[in-house]
Each structure stands twice: as C-alpha cells, then as structure tokens.
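Labels run A, B and C following the written order; every chain starts at residue 1.
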Amino acid sequence: MKRFSILLASLAAMMFIAGAGAFAAGPAEKVLTIGVDQEAVGLDPHVVTSFSSMRRIDLLYSRLVRLDDNFVVVPDLAESWDIPDNLTYIFHLRKGVKFHNGREMTATDVQYSLNRVLDPKTASPGSSYISLVKAIDVVDKYTVKLSLSAPLASLLDGLTSNNLSIVPKEVVDANGNLQKVECGTGPFMLKEWVADNSMTLVKNPDYFEKGAPSLDKIIFRVIPEQASLLAGVKSGDLDMATINDGAIIRQAAKDPKVVVMSKPGLNMRIFSFNCTRKPFDDVRVREAVSLALDRSEVLTIAEFGMGKPTGPIPVAATQWALPLAKLPFSAVDIARAKKLLADAGFPNGFSFKITCASTYEGGLAVAQVAQDELKKIGINADLEVVEWGVYIDKWVKRDYDSMIELRGGSGEPDRFLYRTFYSTGGVNNFLFKDADVDKLLDQGRTQTKVADRKATYDKLQAALSEKAPAVFLYCPNENQVVSSKVSGFKEVGNGSLFYLTYTQVAR
Amino acid sequence: MAANRLTKNSIAMTGIVIIALYIAVILVSLFWLPFNPVSMDTEHLLEPPSLSTGHLFGTDEFGRDILSRIMKGCSVSLIISISATALGAVIGILMGIWAGYLGGRWDNWIMRVADVLFSFPSLLLAIFVMAILGEKTFNVVFAIGIVYIPQFARVSRGAILGIKSDEFVKAARSNGASSSYILFRHLLPNILVPLIVQISLSLSVAILLESSLSFLGLGVQPPYPSWGNMLSGARKVMAIAPWTAVYPGLAIVFLVLGFNLLGDGLRDLLDPRLRNVQ
Amino acid sequence: MGRYIVKRLLSLIPVLFGVSIIVFFLVRLIPGSALEMYMGTQVEATPQQMEELKRIFGEDKPVPVLYVQWVGRLLQGDFGYSLRTGRPVLPDIVSRLPISLELTLMALFLALIIGIPQGILSSLRNKPAVDVANRIIGLLGLSLPQFWLAALMVLAFSGFRGWIPMGNFVKFTVDPLKNLQMLFLPSLAIGIGLAAVIMRYTRNSMLEVLQMDYIRTAKAKGLKRHAVILRHALKNAILPVITVAGFNTGYLLGGAIVIEEVFALPGMGRLALYAIYQRDYPVIQGIVLVIATLFVLVNLVTDLIYACVDPRIRLYEGGR
C-alpha cells in the first residue's frame, strides 16, 4: 500500500511538471497539417520541374509578381511596374524585404536570379518564359529594368512562375544549388525535411506583408493513397489534403465533417494525335475523332464529373476562353464524323493505338471511354497501357499514334499555346505544322491591346479546333479537401498553396 | 490405390472440387455471360449488387458488369498461371536435374545463376521484366516464369542428389545407358513427387503474382479483364463502391485456396515421412 | 564452424557480383531514363541545356564504362547519389532498413504465434474434423492476396486514428507503442499468409515426432498429455519450423513492396518501387545489392541456429 501511494505521488508530480511545461509554452501553436500524395523532389526553384516541389516553393520563395485566385497578375516582390513600350518592363521593388538568412533583398538579387535562370548551365525550365529578355539592368537599389529583343505579351504572366523565384547568390554559391537548402523571402521557412515522410515549415516572422502569415507551422505529410488522404482529414490527423481523384472527392462531398473546395483548374486533358502518322496526317480523320468523342461523357466517367469541358484555352481563363458552342468540331455528331471518315478513304474505319498510363496523368480511364466511343464510328482503338516512365519515353521520342495527355495550361493564352502548337514549339509533340496557326501565334504575342489580342486568340481557338492536332477534352477540377476548422484558404487554379499565407486554423 | 487415397483425403478433394467449379465457370463463359464484359454503360456507373438490375455483383466505374468480368477473367488468370508455371517448371527442372546429375563445375555454374536469380526479391524481379518487355499478357507469363526458374531448379536438383547414387542408377549406367536416357527414364520419374507439390503451389502463387503486378499497373491490358486489373481499377473507387474490390478479390482467394488445398493434400499423400501416419 | 562461416561468406562474393551485373544492365534496359522523367512532358530545354543535363544525369558515357566506374566507387563504400533527390544513396537505404526489418520481424512473430498453436492443434489426431477445419482456415490465410487484404484493412480502419500511418511514421526509438500500433495491421497482412506455412510445417513435423518411440514411452509412463506434447514433442518438432521461418524472413525483406505502398510505410520496398518508376538507377542498384546481401546472410544465420539447436546436424562444407 505504501508503495502504491509513492507511485501515486510521483505520478501527480509528473503531471504537475508536464502541466507547468504546457503553460510556460504560452498560447498553443497554430499548426496546419496538409496531406499530399507525392514527395518533393528538390527545392531549388530554378531547377525543379515537379508539381510536388512547386507546392513547397509557393510558400518558401517569392517571385516579382504572382497570380491571385482569379488569374490576375498582382504584386509580390515588385510592388508596382511600368511598361513604357512593349519591349521594356520596369519593376519597382518593395523596400526592406529580407531573405530567410536576414539579408535584405535588392535589385541585384533579381538580376542575379534571372541571369541564373537564363544561364544554360543551370538548365532551368524557367528560361523559356524569359528567353526573349536580352538585358536585365539594375537601375537603383530597388528598381530593375528588363529589355526584350521582341515583344512578348505574356511576360508578366511568365514571371509569376515559381521557376523565376528570387534567390540570394551567397546561398547558391555556398551550396552549389538550392535543392536541399532553402533561403527565400516567402511567408514560411524550411525547418525539417524527413524524406518520403514529412516536411515542416515555420512562419517567417519578417515576411514583408504585415500580419501574415497567421499560421505558426505547416507540416506536409506524404501519403500516396488518395483514400488514405481523405481518411486522414476525417480522422483529424490532417487538416487539409490535395486530392485529385474524382471518386474520393465525391465521397468527401457527402461527409459533413469536411469541406470540399473545387474549381476548374488550368490543367487540360487532351487526346493528342501524331500528325505525321497515317491516318492522322489527314485532318478529316482528326476531325472525325473530335466529333465522335463526347466530352461530357468522358468527364462523367473518368473524373466523376469533377471538371468542365474545354476548348484550346483552359475554360477557367474566362477572359480568353471561347465557350464550346462557338468552336467547330466540339459537339458530338456521329453522322458527320462517319462522312468525314468516308471522304478520307476509311468508310469501314481503321485500327490504331491509344497510348496511356495507369497514373492519373496517364489517363487510363479516359482512354477506355474513348476506345468505347470510337467504336460508334467504326474505329477500333487498341489501348497501349504502359508504365509511366515508358509513357514519358514514348512522348519524348514521339513514338505513338495517339496519346491521352494531361497538359499544364495557363491563364495567359500565349504561354500555353505558343510552345504547344507553334511548328517549332518546345512541347509540340503532335509534330503539328500549320502556317496559319503559326501566324496567329506570332501575332498574339506582339499585341499589347487586350481587344486586339482577344480577336487574334478567338481566331486561333477556332483554327485549333478545326485543325485538331489534339482533341481538347476537359479541365479537371483543382480540389482541396479541408477540415471545417480551417478557414481563409483560396484555390488559385494552378494548384498553388500560396493562400496558406492567409489561412487560419481553429483549435 | 493412389486414386483411392486421394478421394479419401478431404483436403485434396475440397481443392479439386473448387478447381472443378472454376473450370465449369470457364466453360460456361465460353458460351454465355450475363453481360458483355467490355461494353460501357454510363447509365449504370458503380451500381451496387442487385437482383433487379441483373448486376448480381454490381457494376464498375465504367458501368461494366462485374460478374461477367470475373467470369471472363477466370480463363485469363488460369491461362497465365498455368503457362507461367509450365515455363518456369520446364526450364527450372532441366537446369536442376542437369546440375544435380552432372555435378562438379556444371553444378556450380548452374546453381550460381540460380542463386543470383534467387536472391532477387521475386516481385521486384517480375517488375523489372515487365518494365523492360512492356505490359502485354504474354510478358506477364514470362515475368512470373523467370521468378519460378530458380525455385524449380533447387527442388529438382535436391531431389536428384538424393537418388543419384542409388543402386538402380548404377545398374543402368553399367549397362551402358546414356546420361540423358538415365536422366529422363530413370531419375525424372522418381523425383515427380516433390515436383508435383511444387507445381501445385506455383499455380497458386502465379495467380497472386499476376494480381500484384496488375495492381501496380503492370499487368494484363484493359479493357480485357483480369482479376488483377479489376482490382487495380477498383483501388480508386473501393472507398465508395467496395463491391468493385470485394468480388474480384474473392474470386482470387477461392481459386488460390483450391490450388493450395490440392497442393497440401498431395503433400500429405506423397510425403514418405507422413505416409505411415494414417 | 568458423571455417564454414568464412566459406559461406566468401560464396557471397560471386552472388553479389552476378546481382550487380544483372541489376546494372537490366535497369538500363527499361525504356525511359531519369532525365526524361525529370523533364516530363511540360518542359522545354535548349540543346545546350540538354547536353548539360546529360552530363549531370551521367548519360554521357557508355554503359560498360559506367559499370566499371560504379563498381570502383562501390568498393570504396560509395553507393553514389540519387538522380531524383541528389541525396547519397547509402544513408537513404540505411534509414529505411529498420522499418523493413521491423515489419518483417513483426510479421514473423505474428505468424509464429498464430501458426504454431494451430499446427499443434491440427496434429492431434483424435479430432480429425478440427484438423481439417484448421488447415482450411490456415490455407485460406495463405490464399489472400496481401495487397487486397491490406487495402480492405485501410478501408475498414480509416476511421480510427493511429492504426494507419498518415505519413507520420513514428520510429520505434521515438515512441515504441505508437510505432507498434502503426505496424500491427501491415504485419498482420503479411503474417496471415506466413502463418499457414508455419502451421503446415509444425503440423507435419509434430505428426512425425508424435509417432517416435520415446513419445510412446513417455505416454506409457503415464505423463500428462499436454506435458508430452509441449515438453517432448514440440521441442523436437520445432526444428523444421525454424528453417522455414528463417528462409521466409529472407524472402519477406524484399517482398513487402505492395504492403509498404498501400500503408504508405517508408521502407525499402517502397523506395525500390519509386526508384524503378523514376529510373533512379543508383538507388535501385543499391537496394537490390543490400537486399541480396541480407537474403544470403539471413539464410546463413538460419543454418547456424539450426545447427545450434540440434547438435546432431553437422554443417556441410562441400556441395551437398
């Protein structure tokens, strides 16, 4: 009995000490735990290409300008800018912005960062966004001037890319690159990174926007299974999760404990043709396929309806995108499709392969629906389901008849369409060459008046629908499943987590 | 005598009955299926099992009838399992008995190769082969077959070593019989017992391996149904439609159980150490 | 004994040499490359940039040259750097090894505590119905596809906090209880199948032992039934069970890929799977070598335990 009371006393003492410790810590830390399905590959903003790395960089670094939740370009490190002519852009920087190492960010850092991106040794994917920039001049400590060799209407939009984040030279020099270290000007700083497990970010107390961020800590947890992500939010292990699987979202929508945020994003699902392979070298065959594919049926089955049919410009970019009804060859017309096939010399259809992969990007489900729908016009499609690495290999080598793709679109028409459909475009893997399309694309990037550009891109959208180097299917929704404790988060539409800066979590 | 003992062994008999049921399903599926297993139906996506719609096991995310797909997939799974086992067994046994019979340097070399293959994790090896050859049904057979080669080589080598110095072999050799004659006419028939057991177990493991590969997206090509790729598709929707995963999974479980029961029963009957137990 | 161990360890060398050649050339036969994966389908690069990237990704030299360089560095203990993350390979593998080992040992433990009693029960001939039912149940466990069972477990337990690691795997050294809780379901998914194997060996070996003369003598002497079974029979029947358990441990080490994937456990299997998907050659090569080494070592240890438990068994030194 005596032994028991000693035990009890020591237990009480321990609880007291623990309790005192809790009080000493002051008000509870505001922590938000977010579940994501992929681990970040590296953190160097100028080098990374993966979506998962970008989502960390959203919060760690700043760019000159950023996109708000309506795809409008708004100030980030540059508080304002002038465009005296369409070849000159002058940026006025915020004063007193500090890198996470405490040093002030100035015009020299902007110059250094953009030059690092343009340096071929960096091999930065961001270089294509500013390849027309021929000089970067430091006007004074807080002013930078970019001079272009040719007009580029999409420059500002390009500068919102995380690949053009501003980084400090001394940290790059000390570490070779920034893949494993972090030193940005963003609202959060890297605290701990346990590979394939978790990454902890802590609040940047010196963030240039006063009062932000309101969270003390953000923890990224890597959970590859989408169902487990939802389970995590439901059980309270997670406060938020990025989920792209329609079935899981549909299940989440039924659950009163969680909030589903969902809006059409900038990614675009397309059915691409190899325009040099028979029979897809004949535009009539491509048009017939376009007329046979029922975009809303594909959407219903492959994405559980979580998305919106689109034309060549992502439907979410409302300023530019034409409604589907105004675009040719975008509604189902089986009779016309059959006639086009007959005219092209295939009255009895033909056989070909659809290359796809079982990852989400690889669009296996879309391929299966397309295969089924094409039977209606007598076309027999065989699926070539390959592993993701093989898929990329075939994409790079242009070794396919047709392919289901997920393209990263943009809210600015030039940025997405030029590199995708220009005859020498960097990601024109359709091997599509068309003089009219090239002309319109060239024209669009030199025009500065919005009304002129709008007219050009209206024509271009019609031309791309008619010449159909690819069938534009739909834009999947951008989804976040959020616990009801979380407030203030906004989706940008490109997956960005930047608005975690203004997010609050109730405890 | 052997047949009599077999029918008395309730474990083996249960296995045989289960396998026979599956073969019956295959025969039926050749002539009749409740629905077309590959045609999609947007009106009936992910319907739960129900008598009134006729979809006894429900429909999948494309509106296809799950029961029809399971029936159709039955022959796919069985063919893969049998061919892969046959491939692994033929090559593995040849390697094993030659190594065991010839001994010396041959034995050393052949068994080193087997050792190398053996110390590769089997699923990893199969994944490698699939990734290199591409996702085709035949390649699944090949990938699983390669995994089996070292296993059969070991079993048959061990068995040959156990009997090669027996009197009857020596007698045959002194009569001037050739090596291959001795191997195939005298030795092979005498080591059939462990090989049959190994074969029946391999048949069951092949079905599991095929489904694991398909689950990882490296198996039989859709829309052609195999149980593995049905489960792989179900993985995304099983949270809202558990029947898409439960029924194909049960189809696997019972066929594998059938082979396992048969194998275990045969082991009882054929294991000389246990023969006198009964 | 010492000579035997040395000999077995030496035989590891040709095996590892073979494994290293196979894995090195095999991974490069898989279509695609780490560089292509890195570039993806959205990124443009100038030819000049591509040259630079090829150099960085080590694609600028012929494969045999690369192999010689790799082996050369390997012999100095340098496993190279991951093409995906840029981190050194060996520490990454070493940090995941404990998780795979823990999973394997826990699965083995569960299999033994399920399988051995079941096997004993089955071997008692006075109740044939129990035997048959027992064996069918055991074999049913062996027939469950692991990933299917695992996925159903995730579905069933997803509402309960703590049973499924939500990307926050807790190390045993940090919080043993929580760690064991998280590993319980994954281990069970693996262990159920193994339990059937253990049960079969226990049963068969018990049947054999139970007819031995000394057991009959013990019975005749009037010893209590459970004493005979547990003290005399089981002690002798356990040998083959040890062998098969050991053998399967080696197998499990690399075999938990799918389970680690479904339960999101940061073990070696999942590292290997992702490395294959990403064509991260140095990581795949490193893991396969480590697993192969462990496999051979575990088999050696099994043989040694066997020899220690049963002095009648001599270790063969030559080819059997």
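Here is the rule we go by: a residue touches a chain if its C-beta (ideal position, glycine included) is under 8 Å from a C-beta of that chain, and two chains touch if they have at least 3 such contacts.
Because the structure is a prediction, the values reported are computed rather than measured.
Between A-C and A-B, more C-beta contact pairs join the chains of A-C. Central chain assignment: C. Criterion: smallest distance from chain C-alpha mean to the mean of all protein C-alpha atoms. Most remote chain with respect to subunit B, judged by CA-atom centres, is A. Between subunit B and subunit C, the centres computed from C-alpha atoms are 21 Å apart. Chain geometry summary: the mean Cα position of subunit A and that of subunit C are 39 Å apart.
If you average the Cα atoms of subunit A and of subunit B, the two centres end up 44 Å apart. Multi-chain contact residues, meaning those touching two or more other chains, occur in subunit B at positions 131, 134, 238-239. In subunit A, the residues touching two or more other chains are 227, 230, 387, 389-390. The multi-chain contact residues of subunit C, meaning those touching 2 or more other chains, are 30-31, 155, 158, 261. Those residues of subunit C that touch subunit A in the complex are listed here as 30-33, 36-46, 48-50, 52-53, 56, 84-87, 92, 95, 154-155, 158-161, 164, 166-169, 261-262, 264, 266, 270-271, 274, 277-279. Those residues of subunit C lying in contact with subunit B across their complex are 14-15, 18-19, 22, 26-27, 29-31, 132, 135-136, 139-140, 142-148, 151-152, 155, 158, 196, 200, 204, 207-208, 211, 251, 253-255, 257-258, 261, 269, 272-273, 276, 288, 291-292, 295-296, 319-320. Contact residues of subunit A toward subunit B in the complex are 226-227, 230, 245, 247-248, 250-251, 297, 300-301, 357-359, 364-365, 368-369, 371-372, 383-387, 389-390.
Within the complex, the subunit A residues that touch subunit C are 35, 41-42, 49-50, 120-121, 123-125, 127-128, 179-180, 195-198, 221-225, 227-228, 230-232, 234-238, 387-390, 392-396, 405, 407-408, 419, 426-427, 429. Across the complex, subunit B meets subunit C through its residues 10-11, 14, 103, 107-108, 112-113, 115-116, 118-124, 127-128, 131-132, 134, 158, 161, 204, 208, 211-212, 215-216, 231, 235, 238-239, 242, 245-246, 249, 252-254, 256-257, 260-261, 264, 267, 271, 273-274, 276-277.
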